[in-house]
Amino acid sequence: MTAITDSGTTPKKATRPPSDSRQRVRKYTADQVPLGSLLLRMFAGLVVLVVFLLPYLIMFFGSVKTKAEIRSVDPTYFPTEWHWENYATMWATPETPLLQNLISTLVISLCATLLVLAVALPAAYYTARFRFSGRLVFLFLVIVTQMVQPAVLTSGLFRQFIALGLLDTWAAMILVNAAFNLSFAVWIMHSFFASIPKEVDEAAQIDGAGTFTVLTKINLPLVWPGIVTAVVFTFVASWNEFAASLVLLTTAGNQPLSVALTKFVGQYETSWHYVFGVSIVAIVPVVLLFMMIEKRLVGGLVAGSVK
Amino acid sequence: MKDLLKALPWIGPAVALIAAVVLFPVGLMFWNSTRDISQSGVDDGGVGLANFATVVGFQYFWPILGRTVVWVVVVVGCTLIGSLALAALLNKAFPGRRLVRMAVIVPWAASVVMTTLVVHYGLEPYFGIINSFLVDVGLISTPEGYGWTRHPGTAFAWAMVVAVFVSLPFTTYTILAGLQTVPGETVEAARIDGAGGLRTYFSVVLPQLRGAVSVAVLINIINVFNSLPILRVMTGSIPGYDADTIMTMIFKYMQNQRQIDLASALSVIAFLVVIAIVAVYVRVVRPLEEV
Amino acid sequence: MAQYRRLGGILAITLATTTGLTACGFGGTTSDEGTDGGSTTLDLLVPSYSDATQGQWNDVIAGFEEANPDIKVNLQVESWDNLESVIATKIQGGEAPDIYNGGPFAGFAEDELLYPVEDVTSDETYADFQPTFLENAQVDGTTYGLPFIASARALFVNDALLEEAGAEVPATWDELLESAKKVSELGGGVAGYGMPLGSEEAQAEAAVWLWGGGGSFGDSEAITIDTPENLAGAEYIKTMIDEGATQADAGATDRSPLFDIFVQGKIGMQVGLPPSVGQIESDNPDLEYSIHPIPTKDGEPFTLGVADHLMAFQNDGDKQEAITAFFDYFYTADVYVPWVQAEGFLPTTVSGSEALSGEEALAPFLEVLPDAQFYPTTNPDWAATDSAFKALFGQLDGDKSAKDVLAEIQDQVDAG
């Protein structure tokens, strides 16, 4: 059986053939939505689109203005001249080696995300599926680590990574980002694992599958949306981490974009056009990542719930 | 105990990672909260609980604590309502939905600091185009605009708007992902039984979302409580302590007054406050109990 | 992400992680510590004054390393906003930089973290500092900060606006109030006097008014804010605000954005500093403006002088020589003067002042520098005073009385 969701993917293997008596059910699929209601959704979608993009349009227009136009007392909605060259010149500014910053950010975020997945996935699965003494303690311990204001922890992190000889290395920030995002990843995936009926597992176990096989073959396909949510959460949090990176990474080239951005802020003047430009560049990889896995997030169950 | 041993290969790596990275800094925070530390960071000996007495005895402490609670409740509440509505919309089929879904992800992808800086810039008198827009449509009579970020009330309100704005994507997507796990048959069944759209939503869909929503709310509570950059940017130039929360106060102790000992003490208090909030939440909502 | 699903499940993810981590985890470069192989490494932590700062330091270091092949310099530039948290973390972790460029240093000296300047400079370099700046860098008779760059304040006047409003360039507070009110009445978003009491640099505007009324912030022994002399200036600030002579929301307006508005001709008068000249030159060279002494209660000339310092941390005994070599190199006029010039500040050395005495743009500031008064930076409580002004002084724009605001600042200083 395939779940009929309203996700826009037309169910190909719907178990109930469309018939007149099922009219109300069929109303759920795209082709049968009344025109008025469809227009209403489109209008609401348009409003959402504008509201969510507005700050970033301001940012984008700022990035192609001149430094002076951004701080003009007679503000312009659109650039009077489009200075696309800002996007070329910002890579060669004396303040910071942006290309290296971008690479650092990418490496740190990707590695941290992979590490989180490798560590959190088994923990989330096991705690959702099996009762054992210390299970709740573990889940609370994990979430408690997230409750401390990170800015206060930086001096302790700094001392610790000196002792480990990892100061000013990517490895330090990979570990920090992984450790501090682990808890949410565990909890998010835990809640998704827990929402799968236990009978699914039990059926497979009766067929002779081991715990590991049950996880990989039966559960994983069902919890893709949760995994993707956790991945995006971890990746984005690592991508934008600032407080620890600022003190743990001291060489300009090792620092991530979030720290590099602050180099454009001088004592008495700020290169806003570059700040905005770099911010736009920093958003793009995350949106690309999201586009790559968005189908997995919303289409996961339709493809995977064939029991 | 034997079952714990059996669990170890599964949860061991997570415990090890946390122990290796988080334990020492958190321990140091507790330790620092009982020490006297000079402005340049030199430890001048233990002072017992004196730092806690100083922090709690600060004349604005209680208003700041109250404001922190308002901040968390309003931001998380608005985020939840907004996200449920957004997720419901994005789960419906309509042309251009993919584009709208992409747009909703952008505030999540962008760094919170940058989003806040742009809004702050838009709200500035003279330079800001939000102000300029409000002047152009005649809502503000002074030609240079209004100092939104220069009055505690309006600055705090705008900070809440930004906080909700940047919290919406994650919450919306968690709910959206949760909606995918709602079996279509259940919805169908309710429909066939004659339930209307809204009633189906509240009686069938929402209970199924409980797992996803309760964890998303929990994560939001912790994140919003710990959120520093938004308030720091939006209320940063306001004198006095009329727009501060515990987090900005920790920041003021640490960065402005360079009193790491007091900052640590307040952090410990904040830690206890958020544990209390989460404990109450877990008791009431029971996010771990749905199986 | 697609390939993970194809490979199927957790095993692939674990594998990818392990290879991923070995491939990228240890890619960052670790900076060498201390001496190895006969070469010394100096860590230099500095703030960014402007776009030019990083490039300036790179040039200095390149020249220095060429002259001293056995010494390597690691440069770290941070924004002013982040500088203090970075230095505090490093000190707490026992990893202070060897050379640091910052503002207040008395706290470091009190904790016995710094070399006395005489131990890390040659006699010639030390003798070249202007005596007033050296005095201002001493704690209990020992100099701990190397005077680095200096600034003085002066009143920047938009001549076009004053002429349009029929106002005179003021010398006293009462004249300033009258002129500023006339300019404010022009309307159209124009403000008479730009008054930045926001957190960015509230202590500077406070000094301009409080000291201009005969007050002071105290000395190296005691910080005195809540005094009758200081009250005169604080009350006049309230008068300026109440009578509409300033821009709106003076209490929460930061200095830099406000000066951007002055540069664009919307403000009649504002206190500025040497780099402001360069800013007008680059952003709005057509502005008709002139530079005058800061108006005071009775018209006596005075200016606020600010000096930033270099300092050397005592980390490792055998770095002392290398640090000395660096300072001696940096303070030669050929290296130092271009640095100061590029940032648009005033030099603190005798040879530097001679080299720059012909600079027209700096003339109005060099002229008022003899009357300069400085912050009591040698008082260990200065950092607390500075932050108290930043956090609280802006409340003058509000219901609190001037007396209460000063008392609250004094309380916070005494508690810190």
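Order of writing sets the chain letters: A, B and C. Residues in each chain are counted from 1.
Definition applied: contacts are C-beta pairs under 8 Å (C-beta built on N, C-alpha and C of every residue); 3 or more make two chains touch, one makes a residue touch a chain.
Remember, predicted model here, so these are calculated numbers, not experimental data.
Q: Which chain is the middle one, judged by CA centres?
A: It is chain B that sits nearest the middle.
Q: Measuring centre to centre, with centres taken as mean CA positions, what chain is farthest from chain C?
A: Max centre-to-centre separation from chain C belongs to A.
Q: Calculate how many whole Å lie between the centre of chain A and the centre of chain B, each centre taken as the average of the chain's C-alpha atoms.
A: Chain centres of chain A and chain B, defined by C-alpha means, are spaced 16 Å apart.
Q: Where the CA atoms of chain B average out and where those of chain C average out, how many Å apart are those spots?
A: From the centre of chain B to the centre of chain C is 34 Å.
Q: How many angstrom between the C-alpha centroids of chain C and chain A?
A: 39
Q: By the touch rule stated above, which residues of chain B touch at least two different other chains?
A: 41, 126-127, 144, 254, 260
Q: Return the residues of chain A touching two or more other chains; collapse runs of consecutive numbers into ranges.
A: Residues 71-73, 115, 118, 122, 154-155, 159, 228.
Q: So which bits of chain C are touching at least two other chains?
A: Those would be 85, 88-89, 92, 189, 257, 260-261, 266.
Q: Applying the document's contact rule, which stretches of chain C touch chain A when the two form their complex?
A: Touching chain A: residues 1-2, 5, 8-11, 13-14, 16-18, 20-21, 24-31, 47-55, 58, 74, 76-82, 85-86, 88-90, 92-95, 189, 256-257, 259-261, 264, 266, 275-276, 279, 283-284 of chain C.
Q: Per the contact definition, I'd like the list of chain B residues that touch chain A in the complex.
A: Per the stated touch rule, the residues are 1, 3-4, 6-7, 9-11, 13-15, 17-18, 20-22, 24-29, 41, 86, 89, 91-115, 117-119, 121-122, 126-129, 131-133, 144, 165, 170, 173-174, 176-185, 187-188, 191-192, 208, 211-212, 214-215, 218-219, 222, 225-226, 228-229, 247, 250-251, 254, 260, 263-264, 267, 270-271, 274-275, 278, 287-288, 290-291.
Q: Which of the residues in chain A come into contact with chain C in the complex?
A: 68, 71-73, 93-96, 104, 107, 110-111, 114-115, 117-118, 121-122, 154-155, 158-159, 162, 165, 167-172, 174, 212, 215-217, 220, 224, 228, 231, 246-247, 249-254, 262-263, 265-271, 292-293, 296
Q: What residues of chain C sit close enough to touch chain B in their complex?
A: Contacts found on chain C: 84-85, 87-89, 91-92, 107-108, 110-111, 113, 187-189, 197-200, 202, 247-249, 251-254, 257, 260-261, 266, 380, 383-384, 387, 390-395, 397-398, 412, 415-416.
Q: Could you pull out which chain A residues touch chain B in their complex?
A: Spelled out, the residues of chain A in touch with chain B are 1-8, 11, 16, 24-25, 28-30, 33, 38, 41-42, 44-46, 48-49, 52-53, 55-56, 58-59, 62, 70-73, 75-77, 115, 118-120, 122-123, 125-128, 130-136, 138-139, 141-157, 159-160, 175-176, 178-180, 182-184, 186-188, 190-192, 194-196, 198, 222, 225-226, 228-229, 232-233, 236, 239-240, 242, 258, 261, 272, 275-276, 279, 282-283, 286-287, 290-291, 294, 297-298, 300-302, 305.
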